[in-house]
Amino acid sequence: MKDFFVVDAARFDGENVTSFFAISSFSVRERKGGGGQYLALVLSDKTGSMEARMWEEFASAMATCGEGCFVKVQGQISRYQNKFQITLTRMRLAADSEIEIADFVPATKYDVGEMWVELRGYVEAFSNPDLRRLVFAFLDDEKIGAAYREAPAAKMLHHAWIGGLLEHVVSLVRVCKATVPFYPEVDPDLLITGAILHDIGKLRELMWGSSFSYSLEGQLIGHISIAQGMLREKLAGLTDFPEKLRILVEHMILSHHGRYEFGSPKLPMTPEALLLSALDDLEAKMQAVRNEFARDEAAGRSGADVTEWVRSMERPLLNSKAYLGQE
Amino acid sequence: MKDFFVVDAARFDGENVTSFFAISSFSVRERKGGGGQYLALVLSDKTGSMEARMWEEFASAMATCGEGCFVKVQGQISRYQNKFQITLTRMRLAADSEIEIADFVPATKYDVGEMWVELRGYVEAFSNPDLRRLVFAFLDDEKIGAAYREAPAAKMLHHAWIGGLLEHVVSLVRVCKATVPFYPEVDPDLLITGAILHDIGKLRELMWGSSFSYSLEGQLIGHISIAQGMLREKLAGLTDFPEKLRILVEHMILSHHGRYEFGSPKLPMTPEALLLSALDDLEAKMQAVRNEFARDEAAGRSGADVTEWVRSMERPLLNSKAYLGQE
Amino acid sequence: MKDFFVVDAARFDGENVTSFFAISSFSVRERKGGGGQYLALVLSDKTGSMEARMWEEFASAMATCGEGCFVKVQGQISRYQNKFQITLTRMRLAADSEIEIADFVPATKYDVGEMWVELRGYVEAFSNPDLRRLVFAFLDDEKIGAAYREAPAAKMLHHAWIGGLLEHVVSLVRVCKATVPFYPEVDPDLLITGAILHDIGKLRELMWGSSFSYSLEGQLIGHISIAQGMLREKLAGLTDFPEKLRILVEHMILSHHGRYEFGSPKLPMTPEALLLSALDDLEAKMQAVRNEFARDEAAGRSGADVTEWVRSMERPLLNSKAYLGQE
Amino acid sequence: MKDFFVVDAARFDGENVTSFFAISSFSVRERKGGGGQYLALVLSDKTGSMEARMWEEFASAMATCGEGCFVKVQGQISRYQNKFQITLTRMRLAADSEIEIADFVPATKYDVGEMWVELRGYVEAFSNPDLRRLVFAFLDDEKIGAAYREAPAAKMLHHAWIGGLLEHVVSLVRVCKATVPFYPEVDPDLLITGAILHDIGKLRELMWGSSFSYSLEGQLIGHISIAQGMLREKLAGLTDFPEKLRILVEHMILSHHGRYEFGSPKLPMTPEALLLSALDDLEAKMQAVRNEFARDEAAGRSGADVTEWVRSMERPLLNSKAYLGQE
Amino acid sequence: MKDFFVVDAARFDGENVTSFFAISSFSVRERKGGGGQYLALVLSDKTGSMEARMWEEFASAMATCGEGCFVKVQGQISRYQNKFQITLTRMRLAADSEIEIADFVPATKYDVGEMWVELRGYVEAFSNPDLRRLVFAFLDDEKIGAAYREAPAAKMLHHAWIGGLLEHVVSLVRVCKATVPFYPEVDPDLLITGAILHDIGKLRELMWGSSFSYSLEGQLIGHISIAQGMLREKLAGLTDFPEKLRILVEHMILSHHGRYEFGSPKLPMTPEALLLSALDDLEAKMQAVRNEFARDEAAGRSGADVTEWVRSMERPLLNSKAYLGQE
Amino acid sequence: MKDFFVVDAARFDGENVTSFFAISSFSVRERKGGGGQYLALVLSDKTGSMEARMWEEFASAMATCGEGCFVKVQGQISRYQNKFQITLTRMRLAADSEIEIADFVPATKYDVGEMWVELRGYVEAFSNPDLRRLVFAFLDDEKIGAAYREAPAAKMLHHAWIGGLLEHVVSLVRVCKATVPFYPEVDPDLLITGAILHDIGKLRELMWGSSFSYSLEGQLIGHISIAQGMLREKLAGLTDFPEKLRILVEHMILSHHGRYEFGSPKLPMTPEALLLSALDDLEAKMQAVRNEFARDEAAGRSGADVTEWVRSMERPLLNSKAYLGQE
C-alpha cells in the first residue's frame, strides 16, 4: 500500500519517506565535476510527479528498473528552486502484488461494480434476443469484461481515467434511454447495443499501465475499425445471427464519430446511428466542460470569468452557475 | 369551406367542381393559332398543385387576382399528358372569411391549443422569477403569442408547416427536460428559456400567407439577430432584470446554430448553450428523417433500400425499422 | 445470342428485328385518346438504350417482366423526333442461358482469363509464405474468385464495366512492381497483397446485374470496411497468421483512399500504405483521363481543345498527344 | 506625473528612482535559503516592462496592491543577467488623480479632440436627417462619447492603443468619402453611418484599464451583436425612425466582418455593406502592415528582407519602399 | 451596317427582314416526315438570340457557313410557341467589312478613345521613369494596344463586354489614385503600374470573336502566368531595368487574386500588392452588383425585394437605394 | 581542410583544437561582474553546432566576422552543463579556398558527377529534338548547370542538402521512366522534360551558403513562377520552338504542386502534368519517410513503435520493415 503521495511533499519537507512510484523518465547522467554518474528520474503517481536523484549504489536499480516500471523507493524530500525533489537511498522494482494501479493513474469516482451491474441490467431487459446474446457475448467474455471495467475512454481528453470507458458508456446509455421515447423511429435495443459496443475498440486502442498510451494497433487501425473486427469475431461464434441486424450494428460503430474528418468512414444513416452519434458527442463535450470547471475550481479561479482556451473545443467556456453565484 | 382538394382530382375526372385555391403562378399567354389570349395558372392547396386554363371571360379575374391570392373557382377537371388540369369557367378573389389557411399550406397534426398550454406550464414551473417574467413577456404579448402559434419553423426543411415552430419548440423542451437531470452543470430554467426563445426571430424572418417565404428583414438580418433585437425590446420593459441573466440568454440565442458557418456569431460557451445547440440540431435532424420516411411511405417505397439522397444532410437515409420488417 | 444492338438501329430503320435487351424503365400508360393502356419501355444493351412501345397483347409480358429484367423481344424499328424507337409485337422473359451479360453492360476489353493467370502468378512468386496463403485464401475461394473476375471497379467513374475491378488491380500491380525497386523501405509482397485486396470489398458493395448499383451493405458499410470484415473472415481460417502482418494488411485496406474526407478512417502511415494509396489514386485518375479522351474521340472532337468539364476531377483535360499531332 | 519610464533604465543603472507603474504580475515567493518571503513583480508602462523585487517591509503593499493595480514605487535600478530590474524599498497604491492612463498603455499619436471634431463634422454634413440624428444619438451620449474617444480598436492586433478606435474610424471614413464617388449605387450617408457605428460594440467588448482585455460580455456576445443591441437601445429613443433605414444600418453592422467564419452572421448584401466591409478590412490590413514595418524599424532591421511571419495574415511582408531604398 | 436586331422581332412579326447575325448553333436535321434535310440554326447579336430554319436551297450556305461565323440573311419573322423565329430564304457569309463587332457582342458604354487617353495620361505623370517606360512598352506595342482597347475583362461575370478590360482598368486606376494618399507606405507609380498590367494576360486568355471564350493557353496557363510571361518578354527589350522593380511588379501580378484558391501562386506581401488586390476585388464585386441591379431593372423587378441568388457571390443582393426610394 | 567536427567534441574534451566553422549566431555581451565584454557565438558544421566564448583579444575578430561567415578558430574544448563548448583563443575569417562547403551543410551521399551524367543521358535519348535542345539550353548553361549540381531541394523538408535537387530529380526521372510504359497517353520526352525543369526555379528561390534560406525573389515570386520566367528567358534564345510544346511545358511547371492551396496556379490537365505531379508528390513523401526512419535509427529508436508526429504529413509513421523484424 502506498501512503506517501507526490501531493504530500510539502508536509514531509526534510524528512525520509518510503513509497511506491511509477518511473516516468529515467536517465543516467555525468556528474558535473566529473567523478562518475548518477540517476536522474521523474517519479509519478496519480497526484503528480517529482524529480528524483540517486547518487550512490544505483547499480542494481539501474540494471532492473526503467521507464514505465513501478518501483519501491526510500529517500529524503527537499526543496530545490521552489520545487520539491527526492534524493533516493534505495530503489527496487515493485512486485505486482504491491501495486494498486489506482494509486498511479486517475480512476473513476464511481463504483465500477455497480456500474457493471447496471449495464448488464439494461441488456437483460432487451426484448430482442439476438441483440441480447450479441452484447452478452462481449460482456461475458472474461478478458473483454475485465478490460471493459478498467479501460479509460481516452488518452488525454474526456474520461481519461481508469474506469472511464465504463463510466462514459453507462452515462451515455442513461441519456439514450431518457431520449429514446421521443423518437419512435428508433429501435431502443439497437440503440443501446450501439451505445455499449461503439467504443469497444478502445480496449485494444488504448493501453493503461503506469500511464495511458496508444497501442500500435490503435495507431494503425483505430478503435472504430478495431471494434468492427471484434464484432466480426464475436459474430463468428453466434449461430444464425440475422444479417440485417449485423449490418445495422456495424453501421452504428463505423459512423459514430459523425463526420469523415473525425475518422468515421460512413456518416450516420439510420435513426439509431444518428441519435447515438449525437448523444455520444454531447456526452464527450459535457464531460470536457465538467473537467474544465473542475480544473478552474482546483486552481481557485472564481467562475466569474471564462476559462482558459479549450483547444479541443476551439473556444473558452463559462461556468454559468458559478457566474450567477449559485455555487 | 373547401371541399375539393388537388389530391382528389382523379375521382372527379371529367366533372365540374367548385373550390378555393391559392394561385402559385399566374400568366397571360397568346393562343397558339392567334385569336387572343388566355390565362395559364397553377392552383395549389396543401395537397399539391395543378395546372389551370381560363379561355374566356377572364377580364375581371385578370384585373383582381394574381400570384399569392386566394381565389374561388369553378371549372372542369380533365387529364392532359397523364396529369390532371382544370379548365376554369369562373374565378374571383376569395374573401378572408372564406379561407381556412390550413387548407392551403400544410399544418401541424398536433393540437395547437394543447401545445400552447403545455408550453406555458413549463414556464409557470420555473423557480427563477426573472426568467419566468421574461418568457411570459413574450408569450403574453398578444401579437407574438398569436404568431408563435401559427409560424412554421422553416421555409422548406424540417417543420415547414403552420404550427411547426410551436411543435418544434415543445418537442425540444421535452427532450431538454428529459436530459437535463444528467447534466448538473446546467441551469434548467435557463435552458428552457433558451429553448423557447431561440427561434423567436422566425416570427419575423418567415412569412406564411398562401405559401412560406422569407421577409426582407429575414434575408438581411436573419432570425438569430432578429431574436436578439426582440429580446432587447422586451427587456426594455422589464425593470431590474439581472444583467448576468441577460447576457446568458442572449448568448444562447446567438450561439444556437453551433458553428460560425451556420450563421452563429458565437460558439456555445456555457453548459446551457452547448446542450441547447446539440438538442436543437438533434431535433431538426430527427424531424428531417421522419419527413423522408413519410415521403417514402407515401410513394409506396418499401424501406428495404435507402432513401433518395437527402441534400440537407449530404447522405441518403435508411428506415431501419422498416428494413428489419418491424412495420 | 444477341445479334441486334441498339447502336445498329439506323441500319434497320423500318425493319423487324428480334433481340434481347435489359429493361431500364418500365411503365404502363393511358392512351391519349382513351381506349386503354400501353407499355412504355426503355430497352438497353451495352451500346445504348432506346424507347419501346407495346400497344397490344402485353398482358403476359406485363405480368412477368419488369425493370431490371432481361427480355427477348420482336418488333419494328422506326424513327420518331429524330430518335429511333421500337414498336414491340412480342416480349417475354429471357432465360439465363440465353443471356451473355457482356452484351448488356460494358465489359473489359482484356482477356479475363489471362489477367487472372497473371494475377495468380504474382502471388505465387511471393517470398513471404504467410502473405501468399492469405491472398490465395481469397483467390481460391470459388465464390470470391468468380465475383472477382466479373465485378466492375465502380458504379459510374473509372473502370465501370464488367471485369473492371480485375483490370484495375492487374494494372495497379504492374505499376507497383515497376516502382517498388526505387523504394527499399517497401516490402514488395506486402505491397502487392495490399494492391490485390484493397478493393475486395467492392465485391459486396457493388451489384452488377443488368446494370450497376450499390448494395445496401455497400451504402451502410462501404467497401473499405467490408474488405476489413472479409479479411477477418479469411484470417479466422488461417492458423498462426502473424499478428503484425495482419495489422499491416488491415492498415493498407483502411487507409488506401488516402484522406479522411474520401472515407478512409486512417491516413497511410507505412511505406507500403503510402505507395499503394498514391498509385491507386494515379491509376484511377489516368483511367478517368483515358475515358474522357475516348469519349471525345467517339464524339468526333478533335483534341485541339480541352474536354468538357470533368466533374470528378474539377477541371477540363487536354489530350496533349492529339493536340501536338495536329501541327 | 510619471518621469521615469522602463525604456530609460539603462540611463539610471545603479541609481534610485521614484515612479508610477502598472503591476502586470504579482507573486509572493519563498526565499531560497529559507528565512521568509519576498515579492516578485513585473512592473510595466507604455514603454515596456521590467522585473521588480521587494525584500523587506512589503506587508502593507501586499495587503493593498495586486495584478492590474497602479502603484507608486521607490527603488534602485540594477542589471541582472543582462536585463534591468528594480529593487523596491517602497510601494503604495497610486491615487486615480496621480495616474495618466496614457503613460501606461500605448495611445494614438493623433489629437483625439481634432479627430472627434472631424468625425462630428462628417455627420453634420449628412443630407439624411434620420441618419444624422441616429449617429448623434450615439456621439452626443456622454458615456458613449467619452468611451469612443478612449477605446482601443483591438486587444492585440491593429490599432491596439488608447484612441485606436477613433483613429481607425476617422481613417475609415476618410477612405469611404474618397471612394464613394466611384460607386453611385452607394448612399454616402448610409455608408458613413455604417463606418461610424460598425465597431461601436467594442466599447463594451474591450476593457482598457492598465492593460487591454475582453469583457465577459465581449466573450459571450461579441462586438457585432453588442453593437446591434446598442443600436436597438438608441432607436427606442428616436421617434418615427424609418424601419427600412433601421434594417439597412443593422445589416451593415452584422455583416461588416464579411464572412461567416469571421463571426458575421450575415454576408454583405447591399452596396453600402459591401463597400464598408471591404474598406474596413483594407484599413485593418494596412494598419497591420504599418505596425510590422514600425517594429522592424525599431529593431533596426533594414527592410532589405521580408519581416517575420505575420500570423494574423499568414505570410511575411515586405516594406517595398525601404527595399527600393527610398527611405 | 446592321439595322434589324433580335430584340426588334416583335415589331416585325410576319415581315421579311434582311440583317447580319452570328451563328451560335448550326445543325443539319432530317425532316420529320422524311423528304430530306433542313438547317436548324440559332442566330444571335448583342441583343439576344433566336431560332432560325432554312428549308430550301441551303447547299451553298451549308458549305461555307458554320458555328461562330458572321452571316447575312434574309427571311421572315414568325412566332412559334410564344417565341419568335425566322425562316430563312437566303444566307451567305458576311465580309469582314460588313461587320461591326459591337453589333454582335455587348460593348462598353464608355468612349474607348477617351479612356485610352486618360490611361496614358496617368502613365505620363509617373515620376519613376523606369515604370513609365515599362508601361509604355506595353501600351505603345501596336498589337497589345489594339487588343487592350477591345478585350473584355471576363467571359461571363463582371465586365464581360468589348472594352470591358479597359473600362475595368481605368475605373480601378481612378480608385487607386483616390485611396493612395491615405497609405504613405504605398508607392503610387508602382501601384498604378500594377493596376494597368495585372490583367494584361487576359489579352491572350480570352478570345472575342462572335462570342467570348477561353483560348487554350488561357485554359492551361491562365491570365496570371500569361501576364508574367508577357512582362518577361517586354523586360527583355528594356535595358537596365532595375531588378528590384521587376520583382515588385511581378509580385503584384502573381498575387492580385489575393488567395491561393483563386489561382494566385503568392499572397500579396507588399503594400502595393495588398492595396491592388483589395481594390481589384472591390471593383469586380461592385460591377457585379451593378450588373445584377441592371438585370432586375430590365426585368421590371421593383427593388423592393432581394435579387435572385448570385452564384458568384453566394448570396442574393439588395438594391438599397431602390428599396429606400419606395417609401 | 577541416579535421575537427562538432560531433567529435567528446573525444577532445579538455584539449586544444584548430578548425573551421560557420558562425550561426554572433553576439557581444557584458561580463556579469562588469569588467568589459566578451563574444558569445554558436559555431556549426554539418554535424551540429556548439557554443563558443571568446574572452580576450577579439577586437579584430569582431570587426571582420559575423553571422553567416566561415571562420578559422583555435580554442579549448570543455564541458558545461553537460554540453560541450569551446573557449576561443584565436578567430579569423576563412578564405574561400580554405572552405569545402560540404563540411558545413549536409550533402547528398550520391556522386554528383555520376548523377549529372545520368541525367544528361536521359536527355540525349530524347526522340523529340525540340525538347532536347530546350533541356540542354538549361543544362549546358554554365551558371545554371553549376547551381543545379549544388542546390538543395528544400530549406527544411525532404532533400534539404547540397545536391538534393539533383538527387530528387534523378530519382524522379527514374520513376517516371519506370511508370511511363503503362500510360500510353503520356509523351515520354515531354514528361522527362517536366521532371527535369519543374523545380528549376529553386536555383533562385533557395540560397545555400553556410546554411539554407529563401531569397527575396523566392519569397515574393516562388519557385514555380521563377521557373516559368527562366523558361521564357531560355525560349527567347531558341529559334522556332513550337508554341504548342511551349504551352505544354509551361503547364507542367505551373501545375506540378497539384493543388491551388499548395501554390500551383493551375491544376494538372494533361496526362504528363498529372503523372509528373503525382510522382513528384510520391517522391517527396517517400523521401520524408526515409528521413524520419533515419532519424529514429540515429536516435536508437527501435522501429517497434510509430515515429514522432510528422508535422508536414499530419501523422506519425511506422517503419514496417523494422516492425516486422526484417532489419
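Observations, loosely collected:
By letter and in written order, the chains are A, B, C, D, E and F; residue numbering begins at 1 in each of them.
One rule holds for everything that comes next: a residue touches a chain if its C-beta (ideal position, glycine included) is under 8 Å from a C-beta of that chain, and two chains touch if they have at least 3 such contacts.
This one's a predicted model, so the numbers in the text were calculated from it and none came from an experiment.
Among the remaining chains, those touching subunit E and also subunit F are C, D. Of all chains in the assembly, those touching subunit B and also subunit D are A, E. Of all chains, the one whose CA centroid is most distant from that of subunit E is A. For E-F, the equivalent interface among the listed pairs B-D, A-B or B-C is B-D, as over half of the contact pairs agree by residue number. Over half of the residue numbers at the interface between copies subunit A and subunit B are found on both sides, making the touching surfaces mostly the same.
The distance from the centre of subunit D to the centre of subunit E, with each centre set as the mean of the Cα atoms, comes to 45 Å. Between subunit C and subunit D the centroid-to-centroid distance comes to 63 Å (mean Cα coordinates, whole Å). In subunit D, the residues that reach two or more other chains under the touch definition are 216, 219-220, 248, 269-270, 306, 316, 318, 323.
A complete list of chain pairs in contact reads A-B, A-C, A-D, A-F, B-C, B-D, B-E, C-E, C-F, D-E, D-F, E-F.
Across the complex, subunit E meets subunit B through its residues 79, 81-82, 304-306, 316, 318, 323. Interface of subunit A with subunit C (complex): residues 216-217, 219-222, 224-225, 228-229, 232-233, 236, 247-248, 250-251, 254, 260-266, 269-270.
Remark: subunit D residues 171, 174-175, 178-179, 181-183, 185, 187, 190, 242, 244-245, 248, 267, 269-272, 274-275, 278-279, 281-282, 285-286, 289-290, 293, 306, 313-321, 323-324, 326 touch subunit E in the complex. If you check the complex, the residues on subunit D that touch subunit A are 29-30, 32, 216, 219-220.
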